[in-house]
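Below are two complexes that have subunit A in common, paired first with subunit B and then with subunit C.
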Partner chain A sequence: MPKPLHSYIWRYALILIAVGLALLPVAWMATMAFKPHTEWVTSASDLHWWPHQETWGNFEYIFTGQTEAVTVSHERTAGKPILASLVTSLLGTLIAVVAGTLGAYAVSRFKVGGNLPLGVLQLRLFPPLAVMIPVMIMWAFLGAMDTWWGLSLIYGIVTLPFAFWLMKTFFDEVPREIEEAALVEGCSWFRVFWKVTLPMVKEALASTALFVFILNWSDYVIALLLTRKEWVTIPVYMNSLSSAMSGQMYGAKAALGLIAALPPVIFGIAIQKYLVRGLTFGALKQ
Partner chain B sequence: MASIELINLTKKFGDLTAVNDLNLVIPDKEFVALLGPSGCGKTTTMNMIAGIEMPSEGSILFGGEDMRTIPANKRDVGFVFQNYAIFTHMTVRKNLEFGLKVRGVEKSEIKRRVQNMADLMRLNDRLDWRTSKLSVNELQKVAIGRSAVTEPEIFLLDEPLSNLDAAFRAFMRTELKHLQHEFQQTMVYVTHDQIEAMSLADRIAVLDMGLLQQYGTPNEVYNKPHNTFVANFMGSPSMNLLPCRLTNGGGDHALDFGDAGTSMIEDGELMRRCKLARNADVVFGMRPEDIDIQPREVGRPGIDMEVSFVEPIGPRTVVHLSAGSHSIKVAKDKQYPIELGAKVKAEFPKGRCHIFDAESGNAIGLE
Partner chain C sequence: MTKKKKPVLTTLEREGKTLGLYMTLPAQLLLLFIVAFPLCMQLYVSLSWWGPLDGVKWYYAYESLNWFGNYGEIFSDAKFWGSLGRTFLIVAVVVPVEFLLGLGLAMLFADKFPGKRVFYSIMLMPMMIVPAVAGYMFFMLFQSSGPINDILSAISGTKVDTVWLADPDLAMISVMIADIWQWTPLMFLILLAGMVGVPEDQIKAATLLGANAWHRFWRIVLPRMKTVMIIALVIRSVECFKIFDILYVMTGGGPGVATKSISVYILDLTFKDLEWSYVAAIGLFILVALSLIAVVGIYYMQAAQKKAEA
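So, the complex of A and B:
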């Protein structure tokens, strides 16, 4: 029996409201990025969505440090922070996903490590900030402060449990028989992993990488504590887009925010078919 | 030469003994079925032959060569899993090529053999399909093809047909026989289906609780069961097993069925075997198709029973007879004329009776 029409209406109405609420600030940010200085702060009576005078000035400002509309120039441009964010987030993701995947496979298949999986999970039970003071001391000792590798490393470490647990649940779902079949066909264990198991979880791998990347990309506190000048990331840099003279540079921040939103969106669209398809193996009759 | 010898093979998982001191010789090029109910250790035995599991004790020889130190990927056996274990991220062709590629077979040879196997398994028009689009029947064909394409001397099949529908199962049975004829492998076939085992195998090894119950040709296993387990497991409907006592009725031996009455023994062979019984408590066995239903007036050995239920199952009629606490099944031709509640005599013809020790369940005086 088909469901009555009104149940669909309700469902879609709810979805629209939820999506609208979630996207409202994003939309506001997007239009703000194109508003000139005079429109950044408006009184309630003059609240408008669309900029009266569209301008690229905000983007110009963050990349060159100056723009005609703003008198206060900024000595640092957004180029290096964007590079820093990309490098450290991608490397951190690589570390977490590679180490997490290999570890998860070992634990899932060979039952090694005893309580290690739970221990790894416990790493996620407290906020990373709780251990940042000792990490700062260690990083300073290692000369890892304000370096691309120092920040990448801590990103990899902090998101490793996440990658490990996600991949472990996915590996647990790969039927043993499939690997055993490859084994009796003459594969070495590594070849089984590389040619059979890993390709079977590639969808899961892609979604795990996306989640880990977003975690790293949106980090503020760790970058704030472990960088000074050279490898400041986008969120930290964004905070510097204000000064006593200029006040809060809302337009510039919105422009940077818009740029910062792009990589996860692009990444997400690129692996969309994997995300949607999810994990439907169907190799076994369950 | 690819005979398989299992010597004192034992596998323990913690406290559980999955396979207990199994000795089995599977001759080269023979088709042997490991038959038993689920949990009897047949799959574990298979996994040990393939090298997926290591025996706790005992050894496995392939053609006289000890396999203890040879890992699964070096044993060169074909293995078909009950749940197919198809590589779903590959096309049918890639699945069939897999084992050959791993072995480093030449490209032209791979092509030839895959084509050959596709012809044999009738998968030609499916070769470039994604495996997710295949039906269950086709998946199992791919699984069998993938293992057979490398032409292993030893071919292991773990309940390969149990997930298939009945019609296709019958078809695949003949295909498998055909395959073995073509490639001359030593085949080990795990199944819980005694009909499958009987129809396919040269020899059947019946297993229960990790112990080998009997090993012989289908004929031997069916007609000369070594114990009540085998007797009960083989055949459908299974053998009638009636607990009774041996008594000396007027010089002759008789079987006392308690509240169902007694039956004299006039069968010389049965008499010989009864004399070898150590205890008076025995189990009397008769195949359903061996029992005759006669009017009570006929004074031959048997017991008076009543028809309690009639099952017309297509090719046959299964007649349920009961007397006192005993009931038996008798298999007759289709449309067998009998009425519910009819008072009849179940007659046990000569040379068809089985007698087992009540305590151990072992057949008495089997030659």
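So, the complex of A and C:
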């Protein structure tokens, strides 16, 4: 049935508005990252979107602690926080995906584990701040405060529900016949899991890992509670880029924000196919 | 053939169960380590007046035991109920708005059209942005000399220099706008997935029978999307109740207490007031309340399902 032209025009107009609104805040940050100090704060009369003089100065500032035209230098550079974000997100992802995959396979195939599925799900129900007091006491006791492994461990636990439920739905979809054939040939269960099933869900496993990485990378509140100085992650470090001396370091913060925003956006587009499944704990498979 | 196979499979099954138990071990241990043990600890600490600067180890908290004193205090803590109220207000405004916007967007994207893939990817971008960074983005946008006032000036023709984040009501609205910007894509994504799941031949049949677009949507698409909609609303409400990152970066809970959500209130108690045993009590209180809501919700949903089946 041919649709009238005006319905297309309406649709495109609305979509363009939506896309514009989605892009606008990101665009402001992206151009701010390349604005020199003099253009950071502008009075409404000479506010402009595109920098008059594009500069890499903001990136120079966050990595070296100084750049021309900014008088207040910064002792702590962004290198360590970026490293901290990377290390803890990666290790947290490893913990969540390994524990989640093993557990999901066991629950999917052997129906063991009792209330494990609901147990991990309830981890997502509560605000992290409501349950952090004992964790902070424990972390202090274990000497895990402000360490790479302490933060990685908690990330692994916090994102376990996503890894578990995602992998469970993928294992549920693997046809049993192939596994059974291998079993009849005399393979042990573990060999079947390792050599037959896991290779079949390779792509799904990679997507799960990326998904979990995005979640860990995006964390703010846990790092705020469990790190002090050495292992602060990007979002926590970002706050230190404003002080009574320097005021708001708009450009520097925007540059850092841009760096922080890139990995999740790229990974997110890469795993688009599984986003619905991941975000709904496998309830919807698209 | 099948008779011969059966005993083999049962041994295998037994082996499988054993292996399965080992395989669940890491996840079980993590849960024990981070849920079971800490919960007991939280309950214990919440029954005392203990604080981290008391110079007493937490396991000696019984020395300042006060049983349910902290829980009693919750009921007369106006700041707590204020923050809880604001949190519910945010959820009550933000989730329906995101839902309606997401539904509208999903309707726009339901059919194929040139450029759909690119637009779709862009629409998903806001929710990929690290929430704390998104908070900072909106912090910049809502400055009095920022781009939002600039755009408003351009539209209205008069100079607008509203101080968004310093006004109690406007700060709340700003936070809500930021959250809506970030999470409408989630609603859109889930609802679109549900809309695509509606069988096409039914829609075609309805079209042939003369149903217009509105009827098709109202009578065929919507009823089939009920589950998807509930999932989207529940997930978003649960996440929105925890709202912290965006809000804290934008306003820090201020001006005054204007945007102080329950998470920000707890953070302040933890670091500014150092009343850890009271925080533990509040945490458990929220835990129990949310669990009750969840149990009641699941019960009603199951009852509704049974009713629908009967």
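The rule is short, and it goes like this: the second predicted complex is superposed on the first by the 245 of 286 C-alpha atoms of A that agree within 3 Å, B and C clash if a C-alpha of one lies under 4 Å from a C-alpha of the other, contacts with A are read in each partner's own complex, and residues count from 1 in each chain.
As a convention for this text, a contact is a pair of C-beta atoms (placed from the backbone, for glycine too) under 8 Å apart; a residue touches a chain by one contact, two chains touch by 3 or more.
Since the structure is predicted, the reported quantities are computational estimates derived from the model, not experimental observations.
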Subunit B or subunit C, by number of subunit A residues touched: C
Which superposed partner A:17 touches (first subunit B, second subunit C, both, neither): neither
Touching partner for A:183 - first (subunit B), second (subunit C), both, neither: both
First, second, both or neither for A:175, with subunit B first and subunit C second: first
First, second, both or neither for A:133, with subunit B first and subunit C second: second
Contacts of A:191 with subunit B and subunit C, given as first, second, both or neither: first
Subunit B and subunit C contact sites that coincide on subunit A, given as residue numbers: 183, 188, 283-284
Sites on subunit B touched by subunit A in the complex: 47, 50-52, 72-79, 81, 83-90, 98-99, 102-103, 131-132, 136, 143, 146-147, 150, 163
Residues of subunit C defined as touching subunit A within the complex: 12-13, 15-17, 19-28, 30-31, 33-35, 37-39, 41-42, 45, 52, 58, 105, 108-109, 113, 119-134, 136-138, 140-141, 143-147, 149-150, 153, 159-161, 181, 185-186, 189-190, 193-194, 196-197, 207, 228, 231-232, 235, 238, 241-242, 244-245, 248-249, 262-263, 266-267, 270, 276, 279-280, 282-284, 286-287, 290-291, 294
Subunit A residues touching subunit B - in the complex, by the definition given at the top: 175, 177-178, 180-188, 191, 196, 199-200, 202, 281-285
Of all residues in subunit A, those that touch subunit C in their complex: 1, 8, 11-12, 14-15, 18-19, 21-26, 28-29, 32, 41-44, 47, 49, 95, 98-100, 102-103, 105-107, 109-113, 116, 119-120, 122-138, 141, 154, 156-157, 160, 164, 183, 188-190, 193, 214, 217-218, 220-221, 224-225, 234-235, 238-239, 250, 253-254, 257, 260-261, 264-265, 267-269, 272, 275-276, 279-280, 283-284, 286
